[in-house]
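You will see chain A twice below: alongside chain B first, and alongside chain C after that.
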Partner chain A sequence: MSSTRLRRKAGPYALLVPATLVLFVGMAYPLGRQLMLSFHEFGRAQQFGQPAPWVGLDNYRELVTDRTMWTVIARSLAFCFVNASITMVLGTLIAVLMKRVATAPRLILQISMLLAWAMPVIAAMTAWQWLFDTRYGLVNWSLRKLGFASFDGHNWLIDPLSFFFVASVIIIWMSVPFVAFTAYAALTQVSEETLEASHLDGATATQRFRHIVYPTIKPVLTIVALLQIVWDLRVFAQINFLQNVGGTPSETHLLGTYIYSLGIGQNDYGSASAMAMFVLVLTLVLTVRYVWSLLKEEPR
Partner chain B sequence: MNARARLWGAVAIVLAVIWAFPVYWIANSAFQPVEALRSPNPSFLPDFSASGFGRVFDASFVDSLKLSLTVTLLAIVAAVLCGFVAAVAISRFRFRGRRSFIFTVLAIQMIPPEALFISQYKMLNDWGLLNSVVGLGLLYTALILPFTVWMLRGFVDGIPIDLEEAAMTDGCSRTRAFFTITFPLLAPGLVASSVYGFLQAWNEYTLAVVVMDPSNRTLPLWLRGLTDVSNEAVDWPAVMAGATLVATPVIILFMIVQNRMTSGMVGGAVKG
Partner chain C sequence: MKLTKIAAVAAASAVALTALAACGGSSDGDKAEGGSDTVTLWLAGKEDTPKKVEDWLVKEFAAQHKGKNLKVQHIDWGELIPRLNTALQSDKTPDVVEVGNTQAATFTSVGAFTDLTDKLDQLGDNIGPKSFVEAGTYDGKVSAVPYYWGSRYIFYSKKAFKDAGIEIPTTLAGFNDAAVKLKADGGDKYSGFWLPGQDWRNGISWIFANGGDIAKQEDGKWVATLSSPESVKGLTELQGLYEKATTAPKDGKDAEPWTAFNNGEAAMFMAPSWARWSVDKKKAADLGGFALPGTEGGAAPVFAGGSNLGISAKSKNQDLSFDLLKLIYSDEFQQQLAKNGLGPANDTFTGLMGDDEFAKAAVAAASNSKLTPASPEWASVESASIMEEFFGKIASGGDVAAAAKATDDKLNAALNK
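Coming up: the complex of A and B.
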């Protein structure tokens, strides 16, 4: 083989080396390492430098029988379900609204949504912390003005349900713009001529939606819903931030913050890793079909 | 205009106000004297004679700004360089393992930081890279690289290979043809993916919490630290000024790339 031909064959592989190296060191190696960690026991002795003993599947067995873990999982799934569905419904409705209104109100709504979407998560969190502030917050002030005197000095984060209400308001506020913009982009793909023709043929608004609009936007909505579910399963920043402000961590943990508190908080790297493996597998199971569908369009 | 259209227009405006309000409230609260924010009634209009900006612009802000800028730039340069050559490979070459590579990149893109941060913490701890620019920069590079590859690949695909081939028949080498013909056309793609990387790394909170010490904070951690005092001691105009400083570059850059990001995330689902 001539050297030029060898170069040409090796060329693409050489180009992949830097990215592969970064992904190996930053992701693949930690992944393998985490699998190993999850088979080891980390207790008090390990904090003083003893090597962690191999315990096989013990960490997984413990987690499966642990009430706290099931509570955290159930809580995370419920939180994810509620937030993802409200976000999807609101986002889609807002997209439909954007399609129906005149240009001026539509642009105003779009600019406003873009602002909310662009906000860095911690900047947005401080804003909401300030809005829900116990003594000087605007929310309590408004509720008092509306005649609810009991909101004078009301703490929104002490009660777990109220804590999750605040977290949901923030997360929905942050997530709706993405859904609305994507659904709006999909709605603009619906053929106006087909709609008009079916209208002339006597199709009702419901029929037109079911048979023309819905099939067009369905693929986009499915993917957006999937991304929303994956994102809402792991709302670490928001929950961790609110736990810092107030709230009882043990009663407000979701998957991400629970792993953090087990691992970084209590140095129980074994259980934390086992739990993290569960989250990782769950995410991959949820998304593998989407990734596969992207790949299907690739030339071989 | 009929009554119904006007009604929907009004609904749109109400929603616009609700969504923009927290952003307005940051800016408004940043321009208030401290006493105004501790009074029984809130002030709804900014008072430009007073603001928290002077108080928040101290040494700790400058330290965090420097740290954030260093880590962010490091991650962007590394991710765009590695991502660019990988994108060229998967766009311009057909080779064995190409689809597997794309699949791996897309699957990694889906892995949440929460599912790996425990072992990433242990790894950096063993290498003595906890609480360091290099350690956090490495994690950020790996975090933004998958999407960077995917996005740049779309840009390279968008430039017809015919141009390169024409140059090659005129006697250019393949590499030379790529760099003189295609590369200049890729500038918008490189800018867009750098901006994407900037937004990710600049806003990142989770990995920074795990890896960095309280003495060495990126801007999001610094901002959170401002309210980490007893409730009565929080200087709200200063906190809101801090939030404004952190958010402004992000909002400007976000407006520039928003279109690209929406279409990139939904992948091939929307067909024009």
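Coming up: the complex of A and C.
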């Protein structure tokens, strides 16, 4: 009797072991190592076997007193905010649209979005790079044909603002499908009966959306927004790719590329780790509200 | 609660995808198959070593070593340093790697390559060029040996020169004038001289030619000299060319400079000798070559291109790897390099590069070539794109003296780390 109860008690915990193990190997170890690295001087010499001297908080001190880091953080936050908001709004709008249109156009929309989403990043980036090419790009060509002569040979990447415009277009294009699909799935769960009843009671379309549809899909939107913030904050591949084809890297670094340039590029793994710790804290600060509201939604 | 479930599934799949993406990212850095029967050679660039030369090497290596084979992997120049930084100290290290001559110090200084000093004579009596051997030497130990050298010279369209009534220029000022005139004749879309803004490896020639330099060593410290009067003079000339002689993108780099020429949109471009084989076959008769002239005539000092080879100190195939080096230094392979326009390490075969105008231009340009500062930190300068950004600023019409001063500060910080 008691052994069954024990087994019953131990069972669920045993099931947690693999997940905990994976989390530990995949997260705790790298995180611990990163923390240790951030207190050491660790450069190329150390990578090839020299002992790494302990430098305490020196790496952090250097970063905090360097204006570059604050610029990069501010730039990343702005970029993340703009991209995540636009992606969320566009994604939700498209989901609502999918709910309204007939099957055929919806399928076309879904398939084209699925293709955009499934496209490997580097392949997509190569195509985007060609679209925005200074001399032979389709974008410049089209604008020219539309009568904007100044876009003849226009360079899209050399000005940092314009660089981020291009990057945003690409990143939003890549992330909207995920938001749209998830929001659409959530929309299908909104109870038709409730909607109909409220309609009969005289609720307007706006009221129905605010008081019935939105509360129902809110948990989904919250978690998607959370993911979107995390993704847009640590965006790397797209920025790195664009920096390699043009632009001015030192003026277009975001958190991800900045850490990469410090660590892999300049072999300053100590500073790169310290910077990565900052990003971790930053991500937590940014998302804690969402995680909290998610936890509150959980049925107890 | 259905919705929480949907949300959970969405989150889980997103996390899974992220994890997958991460796997994809790391595994592509690994080698598919190691094993001591296979020697792995990392070559830089897609086809900087011509395909047929590479094929010969693979075939010959397998023929000489029963049961062993050679596997060649191509790494893009842009990612070579980061890849080597991580690969050379891992257990899955490539056995033999090509590095750019200016990048060699980065790895020789930390002992990433096997010391070859005692074995050099087995590779040949006259290994060169000297500057390349020096680039591969650290603390008196030679651990990266010359692979091939090339020098940058000017490729031009004979027809464009004839139409414009221009002779091959003999001084740098004459060259600058010719480039501007060709552009003026060719119109808005046409480049007299194809010169992308961030292509510092070619643009630096104007600094060198005017007596300037990137940095010099003083009392064991590096002092950047881009803001010296000589350097600024060269940069100002260069800015004139960016403005009046070229339509190349201001943030373009040195990749594939022949594209515009092939499209009939440029009269001249500057590139290492092997660029000749990328020019459209239909244009071959129109293509000529000459060394960039110096301020007082002769050949201007240009940036010496080329590569070194090193054996990874972590490689478990030390003997086989050295056998591969011996094969690369064999007469037969050296001849093939030379015939393909790559300067051979064994100068007995330099003559095989031909005696046409291209070979003459290559040898003339090489006679006066220079290297970047021999600091182990130079590779960091390259991966931080400091020079690219600097030349991009000049190309975009920025203030030369101010930009040079700012870049000097960056270089001083980076080189004296």
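Here, the second predicted complex is superposed on the first by the 239 of 300 C-alpha atoms of A that agree within 3 Å, B and C clash if a C-alpha of one lies under 4 Å from a C-alpha of the other, contacts with A are read in each partner's own complex, and residues count from 1 in each chain.
Note that a contact is a pair of C-beta atoms (placed from the backbone, for glycine too) under 8 Å apart; a residue touches a chain by one contact, two chains touch by 3 or more.
None of the values given here were measured: they were computed from a predicted structure.
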| task | Classify the contacts of A:249 with the two partner chains as first (chain B alone), second (chain C alone), both, or neither. | result | second
| query | Once the shared chain is lined up, is A:164 touching chain B (first), chain C (second), both, or neither of them? | reply | neither
| Which partner does A:153 contact after superposing on A: first (chain B), second (chain C), both, neither? | second
| task | Look at A:132 in the shared chain and tell me whether it touches chain B only, chain C only, both, or neither; answer first, second, both or neither. | result | neither
| field | Dominant contact partner of chain A by residue count, chain C or chain B | value | B
| Which of chain B and chain C A:39 touches, first, second, both or neither | neither
| said: Contact-wise, after the overlay, does A:227 reach chain B, chain C, both or neither (first, second, both, neither)? | reply: both
| query | Once the shared chain is lined up, is A:49 touching chain B (first), chain C (second), both, or neither of them? | reply | second
| Which superposed partner A:79 touches (first chain B, second chain C, both, neither) | neither
| field | Which superposed partner A:105 touches (first chain B, second chain C, both, neither) | value | first
| remark: Overlap of chain B and chain C contacts on chain A, residues 26, 134-135, 178, 182, 185-186, 189, 219-220, 223-224, 227, 244, 264, 297-299
| request: Under the touch definition given earlier, write down the residues of chain C that touch chain A in their complex. | output: 1-4, 6-7, 10-11, 14, 19, 78, 81-82, 85-86, 88-89, 106, 109-112, 198, 247, 249-252, 260, 376, 380, 383-385, 388-389, 392-393, 396, 414, 417
| field | Residue ranges of chain B in contact with chain A within the complex | value | 1, 5, 8-9, 11-13, 15-17, 19-20, 22-23, 25-26, 29, 37-38, 41-42, 78-79, 81-83, 85-86, 88-90, 92-95, 97-99, 101-108, 110-123, 138-139, 141-143, 145-146, 149, 202-203, 205-206, 209-210, 220-221, 223-224, 226-228, 231, 236, 239-240, 242-244, 246-247, 250-251, 254-255, 258, 262-263, 265-272
| query | Where on chain A is chain B touching in the complex? | reply | 9, 11-13, 15-16, 18-23, 25-27, 29-31, 33-34, 37, 94, 97-98, 100-102, 104-106, 108-109, 111-131, 133-136, 138, 141, 173, 176-178, 181-182, 185-186, 189, 219-220, 223-224, 227, 230, 233-234, 236-237, 240-241, 244-245, 255-256, 259-260, 263-264, 269, 272-273, 276-277, 279-280, 283-284, 287-288, 291-295, 297-300
| said: Under the definition above, what is the set of chain A residues touching chain C in their complex? | reply: 26, 43-45, 47-50, 134-135, 153, 155, 157-158, 178, 182, 185-186, 189, 216-217, 219-220, 222-224, 227, 243-244, 246-250, 261, 264-267, 297-299
